[in-house]
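Across the two complexes that follow, subunit A remains constant while its partner is subunit B and subsequently subunit C.
Right, the complex of A and B next:
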C-alpha cells in the first residue's frame, strides 16, 4: 500500500525521469544555446579570433547572394521532393493494398533504396547521369534525341538531385501509408459498399480522412529531412554548376568545417532552425487538430 | 596493521597522480604511432613506409588513418586545436600549412633535429622546405617536412601535334592555336581538358595560365583580381574552354583522367603526377607513348606551374614526438622516397630521387616535374586561402557556364575576397 502511494506521487516519477531529462537537455539545449550565442560573434576556430559583432553575421549572411540562392534552392527541393514523394507513396500504397502473390519480394525490392547509403546511391546516379557515358543519355542518343546535361545544366541539376531523393525516399512514404491503410478495419469499406459507395467515394470519404494524420506526419518528416539535404549535393554536384544546387546545409558545412567560421555558420544554422521550426509548428498544429 | 593499511591507502591515492603525470612523458618500450594521412596512393605509400620501418624497429606499431583531403583537414584541425594528441604525424596540404603553422599546433622540428644531432638535408628541393616553415621563406621556423612533391604539369598528344604540324605548347597562344586545329580536324577528340567543377578544381586548372598572363590573386594581402592581366587571363581561359567537352563545368579528376587515358583528349592543361603514372601501361592506357607530359606554357610571364606539396608534421600535443621524428626522417629519406615513388608513383621531394635513372626511365616526366618543383608557384601564403579559393572557384565557374562575363566575375570576386581578407 505504501509502495503504491509512493509510486502515485508525481515527484517520484520526475525523480526517475530526471537523469534522462538532464542528458536530453544537455545534448539538445546546450548546442542550440551555444549556436545562438556564437551567431553574435565573429569567431574563427582556426585562428581563435573572437569578437562580439551583434547582428552583423545575420545581416551579412542574409544579404549573401550564395546563401539566398541556397535558401531558395532548399525550399524548392523540400517542396518538390516532399509533394512528389508523399503523393507517389499514397498512390503506390493504394495500388498495392491487400494481399497479392509475390508481395514479400515486392516489399523487399521497394524498401531497398532506403537501406542503401546516400553516398553509394549518389555514386551510382552520378554514373547514370554522366553526359558522355551515362545510361540516360545513351538511351536518348539511341532514340536520336539530344543528350541532356543532367548535372551540368544549371536549369536541370537541382531537379536531377530531387529525382534521386524521390527514388530513395518514396518507399518511406509508401510504407507508412500502407501501414495506415492496413489499420483501417475492412468492415468500414464493406458497409460503405453496401450503402452504394464506389472506390473513389470510399477514397475521398473514408480512406484519405482516416489516413490524414499519417499523411501529415510523413509530410512533416520528409519536409524536415529534405530541408537538411546535404549528402546528395556533396556527392553529385558540390553546389554547382554555378550556385544552382547550393543548399543551406552545404553552405553551413563549408562555413563551419572548411573555413571554420563558426560565427557565420551558426547564424546560417539559426536561419534554418527558424525556418524548420515554423514548418514543424504548422504541421504539429495540423496533427494535433486531427487528434482532437 | 593499521599503519600498513594507511600506507597502502596513501600509495593508492597518489597512484593516479603519478600515472597521470607520467602520461605527458614520452614512453619507453613499444610505441604506437597514429598517423592522420591521405587515402589512395598516398595511403599506400605511407603503409609501405610503415611496414618497412617496422622491419627494423619492431617496437614501433602504426595506426594509419587513410582519409580524404577534406576529412583529413577537419579531423586534424579539431584534434590539434583541442590538444588531445591523438595523432603523432599529420599530413598537411600546402595551402593549409600557413593556418596550421601559424596556430602553433605543430612541434618545432629545430630542437628535435638538434636533440638527434641531425641537420635538415640539403637534398630536399629548397622551394618545398620553405613551405614547411613559418613565416614562409628560408628563415622561418621549420614545422613540417615535404613528403609528396606534387606539382601541376601539362600533357598533350604528341601524335596529334606531329600530324597537324603544330608548334609545341610553349606559350598559351600555341595552346589555343593547337586547340582550334584539333577541333577542326578531330571530331572525336576533345581539344582541351581541365577540371571545371567549382571550388578547388577549377581554380587549380586556372592558376597556371593566370600567373603566366601576369595575374595575381593578392598583392600585399589585398585582392588584385581587378587588374588588366587578370581580365586577359580569364578571357583567354573562356576562349580556351570553348574547346573543352560539353560537361566540363562538372569535370573532376576522374573525367579528365578517363579522357586522357582513352585518347579522347588532346591537351590537359592540368595533370598531377598521381594521375599519369600508368599512361604508358598498355593495360590501362590507349595512348602508350603518345602523350608528352611537360611544364606549363609561358605567356607574358614564365611558365608558372602550381605547387601542391603535401607536408608531414608532428603535432605539439603528440605523446611520441621523438619516435615520430625518427619515423619522419625515415619517411622522407632518399631511400624510402625512391621506394615509394617506384611502388606507388607518388612524386618525391628530393632532388637526388628525381635523378635516379630507373625512376627517370619509368616516369619520363621527372625532369619536367623537378623543374616545376624548383620553379613553380605556391598559392598565396594566407590563412584565408580556403575561403579565397572557394570564392574564386565559384565566380570562375559562373563565367565558365556563361552566367557572368569575365569582367563582372572578376569585379565581384575581387570584392568578395576583399571582405574575406578584411
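Right, the complex of A and C next:
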C-alpha cells in the first residue's frame, strides 16, 4: 500500500476519516451495544415496563418453537437456495463458456432478475402463484392436475419463496462461475481431452477444484443474504401460513414491532448475530487474503 | 476459442439458450402485460397470455394515487443518501490509503465496514427505531437518508477503497512539492483520477437505496412520504386485486434500473472481487 511520506499531516487525515467513522459507529456500535444490554431486560415498549431478568430471554427464545422454526427455515432456505443456485450457476457457466454470437446481449438479459427491485419481483410472483387465477395453477388445471397452494400450503410456501430467490440470484452465481472459468486456460481442457478424459471426469477433477473459491463465495454471500431476508417474506406470505415461512429476520420484526417485546427481540437478534459472525469470520478471512 | 469447448455448441446449446431466456424474461413479460390489461381481464379465472385489449388505464390510475410523490421520495432519498455516502467514503478511503493510523486502525476500520455489510439490518432496527423516535427522525425522509448510510456507506467505502488502491502516488507528490495544500490536491488531483470509480460506486449505491424496504417500512408512516417499494407493498397487501395498478408501478420502478444492466454486466465482468455485491 502506498503511503505519503512522513511529513504528511496526521490531523488532516484524521479529520477526513472522522465523519465516516462517526456515522458508522453511531449507526452500528450504538445499536449493537443497546441490543446486548436490552437482551437482559424484560422490556415492553408499549407499557414501558422495564425489568432486569438476566439470561431469561435467552432461554425462552432458545426454547421458543417459533424461533426454532424460524431458524430452521432460514437454514433450509440458505441450503436449498445455495445448492440449486451454485449447481445451476456451474451448469450454465459451462454451457455458455467462451464466445458465441450474441453473447453480450444474452448475458445482459440474463442478469435482469438481479437488477429488478425485490418488491417488484415479489409482486409478479405473487400474481403467478395465485391459487385461483394465477398462471401456474391454470397450467396445472389445463393439464388436469391438482392446483398447488403455492403460498398457502404450509408444506410448500417456503419452497415457493426459495424458488423466487433462485430465479432472482442464479444469474449472480452464473456470472461468478463464469468469471472463475475464464481464469482457466483453455489448454487444460484440451490436454485432458487428448488424454481421453471424459466430460464428467473433466468436471470433477479440473473444473470443480478450480471453481472452489467461487463456490465458497456464493455459499457465503447467499447465507449472509438469507439471514437478512425480509422483504420477500413480508410481501409474499408475512411468515405464514402458520409459521411455515417465518425466517429469523421476520421473527425479530414481529417480536419487536408487532408485540413490542424489545427484550425478547434483542435476545433473538443476538442469537442471529452469533450465527452470522461465524459465517463472517470465514468471509472476512477470505476477503482479507484477496483484497488487502 | 478452439477445439473441445467450441464443438459443444450444437442444437442443445441453442435450445438451452432459449429455455434460459424464457425463464428470465417470462416474469418480466408478465409484469408488462398485466400492466397493460384492463382491470377486468386481470381477474379472469383463465389468465390470457396476450392482452385482449391494451390499455394505459392502470398507469393513469396509479398516477392518481400519488405515484409522482412516491417517485420523488425514492429519487430524493436514493440520491441524497448516495451523495453523503460518496463524500464520506471518498474522504475516509483516501485517509486509509495514504496514512498509517496508529493501533492498526486502518485494518480495524475496514474489518468493521465489512461486518456492517454482513450484519442483518433487522438486528439494528429496534435500537435505531427507539433512538430515531426520540430525535424526531421517524416519518421523516432525512431520517431515512441517515439510516440508509448503514447500507450505502460501507458499500461506498469498500468500492472506493478498491478503486483508489491503484491510484498512482506520483501526481500527489508532485502537487505537494509545488506547495499545493492537502485539500487542493485532493480536489484537483485525486477526485478527477477516481472519477470512473466514483461514478460506478454512485450507480450501485443509488440502486441499493432505491430498492431498500425494511427501514422504509419501519420508519415511514404517512403515505405521502412512502418510497416506491413501500407503495408496491401496500398494493400487494392491501389492495390485492388491483394487479394492473401493481404491475404498472412495478414497471415504472423497474425501467430506470434495467437501463443500467449493460453497465452492471461490464463492471461485474471486469474483475470479480470478493467484496462485490
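Some notes on this structure:
Methods note: the second predicted complex is superposed on the first by the 227 of 292 C-alpha atoms of A that agree within 3 Å, B and C clash if a C-alpha of one lies under 4 Å from a C-alpha of the other, contacts with A are read in each partner's own complex, and residues count from 1 in each chain.
Following the convention adopted for this analysis, a residue touches a chain if its C-beta (ideal position, glycine included) is under 8 Å from a C-beta of that chain, and two chains touch if they have at least 3 such contacts.
Computed from a predicted model, the values in this text were never measured in an experiment.
By the document's definition of touching, of the two partners only subunit C reaches A:119; subunit B does not. Legend: residue contacts after superposition of the two complexes on their common chain; A:257 is shown touching both subunit B and subunit C. Touch criterion met: A:66 reaches subunit B, while subunit C stays clear of it. Judged by the touch definition given at the top, the superposed model places A:282 against neither subunit B nor subunit C. When the two structures are aligned on the shared chain, A:132 is found in touch with subunit B and with subunit C. Touch criterion met: A:100 reaches subunit C, while subunit B stays clear of it. Greater residue coverage of subunit A by touch, when subunit B is weighed against subunit C, goes to C. Once the two complexes are overlaid on the shared chain, A:111 sits against subunit C while remaining clear of subunit B.
When the shared chain is aligned, no partner comes close enough to touch A:52: not subunit B, not subunit C. Across the superposed pair, subunit B and subunit C both touch subunit A at residues 45, 132, 238, 257. Those residues of subunit A that touch subunit C in the shared complex are 1-4, 8-10, 12-14, 16-17, 19-21, 23-24, 27-28, 30-32, 34-35, 38, 45, 92, 95-100, 104, 106-113, 115-128, 132-135, 138, 167, 171-172, 175-176, 178-180, 186, 189-190, 193, 217, 221, 224, 227-228, 230-231, 234-235, 238, 248-249, 252-253, 256-257, 262, 265-266, 269, 272-273, 276-277, 279-280, 283-284, 286-288, 290-292.
Contacts from subunit A toward subunit B in the complex involve residues 45-48, 66, 130-132, 149, 151-152, 154, 237-243, 254, 257-261. Residues of subunit B that touch subunit A in their complex: 70, 73-74, 77, 81, 99, 102-103, 197-199, 245-247, 249-250, 383, 386-387, 390, 394, 397-398, 401, 403.
Contact residues on subunit C toward subunit A in their complex (touch as defined above): 1-6, 8-9, 13, 16-17, 20-21, 23-25, 27-28, 30-31, 34, 43-47, 88-89, 91-92, 94-101, 107, 109-116, 118-131, 146-147, 149-150, 153-154, 157, 162, 165, 169, 172-173, 176, 182-183, 186, 207, 210-211, 213-214, 217-218, 228-229, 232-233, 235-237, 243, 246-247, 250-251, 253-254, 257-258, 260-262, 264-265, 268-269, 272-275, 277.
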